[in-house]
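Structure first, then comments.
Going in written order, the chains are labelled A, B, C and D, and every chain counts its residues from 1.
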Amino acid sequence: MKESVIIERVKEKKLRNGILITGLPGIGLIGQVVGRYMVEEVKAKRIARLLSPHFPHQVFMTKNGGMRLIRNSFFIHRGKKRDVLFLVGDIQAMSSVGQYEVAGVVMNYAKKMGVKEILTVGGYSTGKISEERRIFAVTTSEELKTRFKKLGVIFGEARGSIVGAAGLFPAIGQINGINGSCIMGETHGGYVDTASARQIVLLLSKYVDIPINIKRLDQKAAESQKVLKKVQEDIKRNMENQFETTTSAVSSYIR
Amino acid sequence: MKESVIIERVKEKKLRNGILITGLPGIGLIGQVVGRYMVEEVKAKRIARLLSPHFPHQVFMTKNGGMRLIRNSFFIHRGKKRDVLFLVGDIQAMSSVGQYEVAGVVMNYAKKMGVKEILTVGGYSTGKISEERRIFAVTTSEELKTRFKKLGVIFGEARGSIVGAAGLFPAIGQINGINGSCIMGETHGGYVDTASARQIVLLLSKYVDIPINIKRLDQKAAESQKVLKKVQEDIKRNMENQFETTTSAVSSYIR
Amino acid sequence: MKESVIIERVKEKKLRNGILITGLPGIGLIGQVVGRYMVEEVKAKRIARLLSPHFPHQVFMTKNGGMRLIRNSFFIHRGKKRDVLFLVGDIQAMSSVGQYEVAGVVMNYAKKMGVKEILTVGGYSTGKISEERRIFAVTTSEELKTRFKKLGVIFGEARGSIVGAAGLFPAIGQINGINGSCIMGETHGGYVDTASARQIVLLLSKYVDIPINIKRLDQKAAESQKVLKKVQEDIKRNMENQFETTTSAVSSYIR
Amino acid sequence: MKESVIIERVKEKKLRNGILITGLPGIGLIGQVVGRYMVEEVKAKRIARLLSPHFPHQVFMTKNGGMRLIRNSFFIHRGKKRDVLFLVGDIQAMSSVGQYEVAGVVMNYAKKMGVKEILTVGGYSTGKISEERRIFAVTTSEELKTRFKKLGVIFGEARGSIVGAAGLFPAIGQINGINGSCIMGETHGGYVDTASARQIVLLLSKYVDIPINIKRLDQKAAESQKVLKKVQEDIKRNMENQFETTTSAVSSYIR
């Protein structure tokens, strides 16, 4: 296998007013959590997998003694108004050359499947924990911007650069005549942020008009919130201890 | 040479009910030991070699003043019930891109030669020394699982991921319509485990129905077992010493 | 996207007696500063962009909520006597393989556009701050050398090697039948040297006979000169302190 | 430029009983010293250069204000009995993939030019300085072995592996139907060994029957021998000092 390939499991008819939603690992794992949760909740149908020599040369062992390559998977959901093609997976390509190649392969497949819009999900790392979990975005289209703004998404505040597929897909999509956006959940950056993922699931549920039961994710978010609170308290306590230690160390030094 | 290539030394007729058995370097060198031992014992015939720009750019100097490229080699053994194609060698490809390329080249050759099943041999590292040396496996086929289970191979217990050709070959094979399994000898992971390799040779001898004299490997295993026992005693003694040192260090600290 | 590509925004007629001037990031950022300033001052027209899998897999977020790939851009300026094709951008290819590929792609485009001469701009690092900011050059053509020498450019003094596009483009150009030069501003190497860039803008303005208002760059140079002076004073002060520290350390040592 | 290429400066008729002699940088720089010296002494004619994206993306500035790519060069010498194609240069390809690609490109060119034998020159590092500077070799052909043995070359003593073009070229040559040898000068490995290079020049002069004046190389070898003696004395003195220092440090510690 010399090139990244998409291997179709089942042939599917073209999407109606198709949107590609990608949820791959990245900052705070927000993309991956969002993608997997939506795919599970809407019971989307697995239709293809993406393999790449730019993914690690590893297979996972499954609990029943099976094995599978590290991969990305495409799922399809036929909605009332529009159809969604989900791309979720274990990993992103490990090099710049690999990222560009995978983006090209995905764009070709998206075109073939009738995708008219690209929506990638990622995290926007602020280094602190925000209660609000705002949603930032950038887009290649003024029309898309208007639509997202109506749903409370913030444009023009996130700055800097987006690394990986979340940025590359809409940008390469535009060259291929498909507009797109990157939707980023505000997050600390240092841990899996289910609470931020939850906000984005709610947004996408409205945006693509698919009812999604958020309960399971709420539970997860509550659990991870508890873990987080504990972590924060530990950090605080450690910092105080450290301060004390430092103080006593200093005092013993200046003694 | 831009691509990995297989260079045939002799043309051979297609295999009858062919099985590809690969024994390449990996955890505990179990694959390599098994592959080399079986090839030697059944006096398999060298029919092709695999060269790759993803192998190191080195040649070995031979004792009679010759030279040869780092390579993998194919050997053939015509059995009573089925024919075996062995792949053994010095090395695996050094990058993910190289691993996928080599896997693709090997699959094409295997198909051409009439291979119907892939069997890779590796080690499963547990970090401790087991007397039992169990054999774990994962497979792409329920039928193969049933066959191996009858021979005492354990499915569903080994977890995590398999790095390299041992995992990639059966997984890429499946895409190419050839089912396969990865057979893993239980091993410490930190040294060459001839005893674990021995168990797998016995298994494969039954599985492909080739009588193999295990004596030479038993001797090696006995020797390495002695070395190992010595190593363990040394480690134990060192740890005790270390413990004493630590204890005294602590006592001097809390004094 | 597997290969580096040039994507034309507008089709343009061939250049008359065309010269390609490249200003990419490098030593002292002199190339980038020169390229961007000239493009802005002559209001050159953006006609194409260069994308490459050898650039980082990142997009920049823009202040109005847009996004764009890391890229290089081509601008065109129709002069009185000759037309200029500018190549400016965020980055150079990140590997040797990428640098050679991009150079090949640019050469093909340059030929197609009627480029007859290549001129790259870089910095020549001396490790000290020169008031004079001399201009060094190397070239593939005696005729070009003569022309630049008349304008005070120094040949045969800069030694060693040039890393990246500034050296590669004229050298690969020559193989493609297009002569070229690399013009290097004398610079410290450790900071952005607007003053050195200024000298090169003046030179190029004469060389390609385009009037360029240097005022904005003079202001920037003055500002950075002030910053620099401050930095130098700080360094000097620190070194004196350090010297004192060292002295006292030594005296305590030899005590 | 995506691939390694050979660019011919002048077309030359095929070699009579051609031999390719390569002298590229490697252990003790012996190959490079031998190659350059022979090319200069026999006034071989430059006929082609080899460029590669696997060489560094750098150009050298020349003393007269010119520039040239990092490269390898082919020179031709029409001998009385057989013609020699020399390959000398600044560098070897920087990756395994690059080394194999360059080897393939060189083999194609060698075949086209009528090369019937490959001879690479390298160093064999022993970590000590031998007065004798023996010459070791490995070869792909018994016939070549016999010929070299008559000239005092030692086969079967050098062991381990040869890294880079010196090993790759004869090995890849053999696959292409051209036999070859790698001739290695015994050397310390830690410095440029002109004395060892000298021995190989003498050998090759006999082997390909080209008279070569060794005087200039003798002078260089004598000079570097002096430098070396000085270095050795310094090392010895330093080691004695270090020993003393260590001793006193220890004594002050156990005081």
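Just so we're on the same page, a contact is a pair of C-beta atoms (placed from the backbone, for glycine too) under 8 Å apart; a residue touches a chain by one contact, two chains touch by 3 or more.
The structure presented is a predicted model; accordingly, all values stated were derived computationally and were not measured.
Steps from chain A to chain D, minimised over paths through touching chains, total 2.
At the interface between chain B and chain D, two copies of one sequence, fewer than half of the residue numbers in use are shared by both copies. Centroids built from CA atoms put chain D at 38 Å from chain C. Computed from the mean C-alpha positions, the centre of chain B lies at a distance of 53 Å from the centre of chain C.
Residue numbers of chain A whose C-beta contacts span two or more other chains: none are found.
Every pair of chains meeting the contact definition is listed here: A-B, A-C, B-D, C-D.
Residues 93, 96-97, 99-101, 103-104, 137-140, 145, 155-156, 158-164, 167-168, 170-172, 175, 182 of chain B touch chain A in their complex.
Interface of chain A with chain B (complex): residues 1-2, 7, 51-70, 94.
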